[in-house]
Amino acid sequence: MTETDDLQAFLNDLDRQMHIKGDWGTPARYIPELADIDPAQFAISVALADGRVLSSGSAQKRFSIQSVSKVFTLAVALGRIGDQLWTRVGREPSGTSFDSIVLLEREQGRPRNPFINAGALVTTDAMLEGRMPQDALAELIQFLRAACEDDDIHIDKDVARSEAATAHRNTALVHYLLSHGNLHNAPELTLGTYVHQCAIAMTTQQLARAGRMLAGLPDAPRLISARRARRINALMMTCGHYDGSGDFAYRVGLPGKSGVGGGILIIAPGKASIAVWSPGLNHYGNSQVGTEAAQRLGQFTGWSVFG
Amino acid sequence: MTETDDLQAFLNDLDRQMHIKGDWGTPARYIPELADIDPAQFAISVALADGRVLSSGSAQKRFSIQSVSKVFTLAVALGRIGDQLWTRVGREPSGTSFDSIVLLEREQGRPRNPFINAGALVTTDAMLEGRMPQDALAELIQFLRAACEDDDIHIDKDVARSEAATAHRNTALVHYLLSHGNLHNAPELTLGTYVHQCAIAMTTQQLARAGRMLAGLPDAPRLISARRARRINALMMTCGHYDGSGDFAYRVGLPGKSGVGGGILIIAPGKASIAVWSPGLNHYGNSQVGTEAAQRLGQFTGWSVFG
Amino acid sequence: MTETDDLQAFLNDLDRQMHIKGDWGTPARYIPELADIDPAQFAISVALADGRVLSSGSAQKRFSIQSVSKVFTLAVALGRIGDQLWTRVGREPSGTSFDSIVLLEREQGRPRNPFINAGALVTTDAMLEGRMPQDALAELIQFLRAACEDDDIHIDKDVARSEAATAHRNTALVHYLLSHGNLHNAPELTLGTYVHQCAIAMTTQQLARAGRMLAGLPDAPRLISARRARRINALMMTCGHYDGSGDFAYRVGLPGKSGVGGGILIIAPGKASIAVWSPGLNHYGNSQVGTEAAQRLGQFTGWSVFG
Amino acid sequence: MTETDDLQAFLNDLDRQMHIKGDWGTPARYIPELADIDPAQFAISVALADGRVLSSGSAQKRFSIQSVSKVFTLAVALGRIGDQLWTRVGREPSGTSFDSIVLLEREQGRPRNPFINAGALVTTDAMLEGRMPQDALAELIQFLRAACEDDDIHIDKDVARSEAATAHRNTALVHYLLSHGNLHNAPELTLGTYVHQCAIAMTTQQLARAGRMLAGLPDAPRLISARRARRINALMMTCGHYDGSGDFAYRVGLPGKSGVGGGILIIAPGKASIAVWSPGLNHYGNSQVGTEAAQRLGQFTGWSVFG
């Protein structure tokens, strides 16, 4: 029996255990289209250095990647304007919840990092850069398709519509950024782009494959440099789970980025790219079962970057 | 020429370059005994997996490790009371400066992490645990000597006295913790222990050797479990440089803990334990040249945990 | 020579002194239409219990009353929905600047008082109450005309347009309120009403006469009850000058409400209603010369409510 | 029947009504000596311009004046160093609770006003001014005795001791002030003086008589100028009830200063000095029944300064 077989057995068992445990958390309420989802769902996919992708659970089911998209938007924005982006957004953990506007006032309109909502709005604004939303979104989708080597990735229009109709806090943030001169496109364009990128639907299998470039796996398409991948991983480690980032680093020991749709992309540099999904959230707003599964996978594989 | 010879040459060159660049930053002002130090000093030591310790600069010069001591206090406190510690202190980056009392009010007396001052005071209080300061300090020093396998480690009494005389902010923090019931010893005992542990003087050579247990190097004395080492490394990554932690992770890609004495302990899991020292600080309160040197070393060696 | 003659002489002298002193402050920059105004202007009008209105300076010149309008909007909103309003907005000084969004997050979308921007937006929203902006504005203008007994009060359309084009911070606030369910009309309607009410143009003579109902002067039209007038005065005292309210109470001893157009309405209960105008602002965002003139008038007349 | 007889009848009835209503609030818990007090107690005294003092309830019972003392400490400190005091403490409402340390950090060690704890500690420090606590306290007690024309005013040593043993938050504040250079005496001396002044015990009759100088009543001893009295009244209006100051101004319309012992001193300039006491507190930390009684007295007498 090979190592890979062991891992497949572990993943199958993990799916079973998560269902037995049944401590699913609560799906995000504020996006109507996501609120009614059945929380008792789980999927995990692991893209390995040897090119294989192992999965268990509902790994063919599409879910809304939500804030996981911020990782790819960041990659595209850095590709367009490079380190200039850091004049508009910081690289520090925020110490507050994902949609807070407090620090934005203290820091005079420069969000703390690209993964809190305010910072992601700035990153999206940088990716948009004078274009129409559909053009920027087409580039982002194309980037994701290239990263996965799979063209079957789309925006879920119903989710985008549902989110747009209730995006009052993000609308506040975008106008607040504008009042500080840190928005370069019309607010409705940046916000529209943001909402649509959050509504991208993917399977864990697709997401795990999309993360291969960050893990530096041999078979990953060369879309970003190794240096940029390292730096994005660093940001995921310190800021990827909002005010639960320190806890995730402590428990899992790998960089990751979560979304309120219940997905988490986790990177084991040189070893694997992992996508996990379960729609119920813990009190930080990160997938409850996803976090638990990531921790167990980390213990099983010993993939922690911390030794 | 071996790899080690290359690294030695790099370190020698690094020392030269840092002196040529001459952008030293400003030594900490608030501890009188440290304020008058000549900023134009540099030392680096790298303990490798093969047991060798390479150095350049003033690697035999003792400096005040200050907050770097918090790593070892944490290890000792966890050794005494284990995960119970986390009921008293969190594991999240703070988003504020090292001596802030603001978040402590918001979080009702539970400091955000063990590396900001408030959290380190709680950790020290847990290490003290009803004993007299000299007994707890003896244990800490003994732990450090065992970690270095070097008995020549001592507390600099002048620095401790100087610091004690001006520790008003820390005195405020310790009484504030007491008002929330999160201090178990008399304030002056916890504060006295804290001030003395910060005044421990070490060379970069000693500090690099002391960090071997965190890097999991083969020749490191077995003082803590691999799991605990990983978790301490995770905390160093997300919280080790105060409000510059995200930036250090982004630039260096390794967990580290800085002190206002200008020292930084940096861990490359499985590969090396690094100590760097230069007393001038950047605007985050971390060693300016030390951070720069760590970044260059990271680029040279490719030791980033992020790929 | 009567007391009134003395006061007239004092006002004439005050106008002279303010011009000699020439310490005018800086006009508000963020409303383009107001930014270019000549700061070296001054007007004061005092409506007395005997029905006379004494003035000096440019008392016939119209200026943009801006936030002074919040007093009248509050009166109209209370007239429509009564004390219900206080479920949506508080009555406490804010301890922050006028356009802060920080406390709004801490207090979960219930602004601290009706005179900071967030609170005035809620009050405007309550005045609007399902109507179209022009209907609500017509009621407000009608209320002001009745209060002055002068039909020549209008909205300055250029100022309204200028303000609407740059109201990003207020747009952020209104969407933030919406995200907390504390906005009952469409954001653009509430914001549009708000911007237009701020753009009402009046002379100090008109404004002083409009304030007679708050001072309870015998000749004031009976538009609000004595009890409501007292309570509005109380709010002006504790919250009428943003983060300079305590200072104004200390120096002047009378309730007042300032606007960034440089106007201040000041109430000496039972004695006088005072309007002062000078477009340059101090660091709190209140009229610099207006505050100084109010203090001198208070010293001359002994009208302080504090003895 | 005279007006005074009417007022006496009202006060008698008020005492009855408060006992019937029986909604007493909760005595302060954090000072052990005060925690066990029976909340079902009430006293009110009104010193009138004609020299009479009317009372009802337990007007002969001594209670701990606590923060009401801050008014008199302020008067003494201003008497010693005048307006210089305002370089060390502000005059603005704080927008936070009485013992908050948050704003102190934001404002770099200059408390917002002399009535929050941090500001009162600075005022006490200014009153102390290099003397021994007993000398400063003797001056304060002498000032109070002169103000009341009654020598039977003393410090309750048991309360002082009880408070000193649990003053951790105030100890934190005093060291925090020291760290910003805004403390001129040894921390334990300023804190000791503060704790003892808070432990002064008085009856409502004494306290009402002590306030006559602030109300400017004809028979008040001339201890402070009319101008200073006005200014202290202004501070009581905007800052006298912590984060409930706006509400007190709105409901009562008179300047007042509350203490956690359940006392409130209320000033009706030119008309009366009022002391009310009932030990149960509302959620702002001010006397629940005392506030209610003040509001009813205000309605009965029409003494509001706001018209």
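Order as written gives the chain letters A, B, C and D; numbering starts at 1 within each chain.
Just so it is clear, a residue touches a chain if its C-beta (ideal position, glycine included) is under 8 Å from a C-beta of that chain, and two chains touch if they have at least 3 such contacts.
Computed from a prediction, not measured in an experiment: that's the story for all the values here.
**Student:** Given that chain C and chain D are copies of one sequence and touch, is their interface built from the same residue numbers on both sides (over half shared) or different ones?
**Tutor:** Here the answer is same, because the shared fraction of interface numbers exceeds one half.
**Student:** Can you work out the whole-Å distance between the CA centroids of chain C and chain D?
**Tutor:** Spacing between the chain centres: roughly 32 Å.
**Student:** With chain centres taken as the means of their Cα atoms, state the distance from chain B to chain C in Å.
**Tutor:** 55
**Student:** By the touch rule stated above, which residues of chain B touch at least two different other chains?
**Tutor:** none
**Student:** Let me know each pair of chains that touch one another.
**Tutor:** Here the touching chain pairs work out to A-B, A-C, B-D, C-D.
**Student:** For the complex, give me every residue of chain D touching chain B.
**Tutor:** 100-102, 105-106, 168-169, 171-176, 178-179, 187
**Student:** Quick check on the complex: what are the chain A residues that touch chain B?
**Tutor:** 90-96, 103, 112-113, 214-216, 226, 229-231, 233-235, 237-239, 243-247, 249-250, 253, 255, 267, 269-270, 304-307
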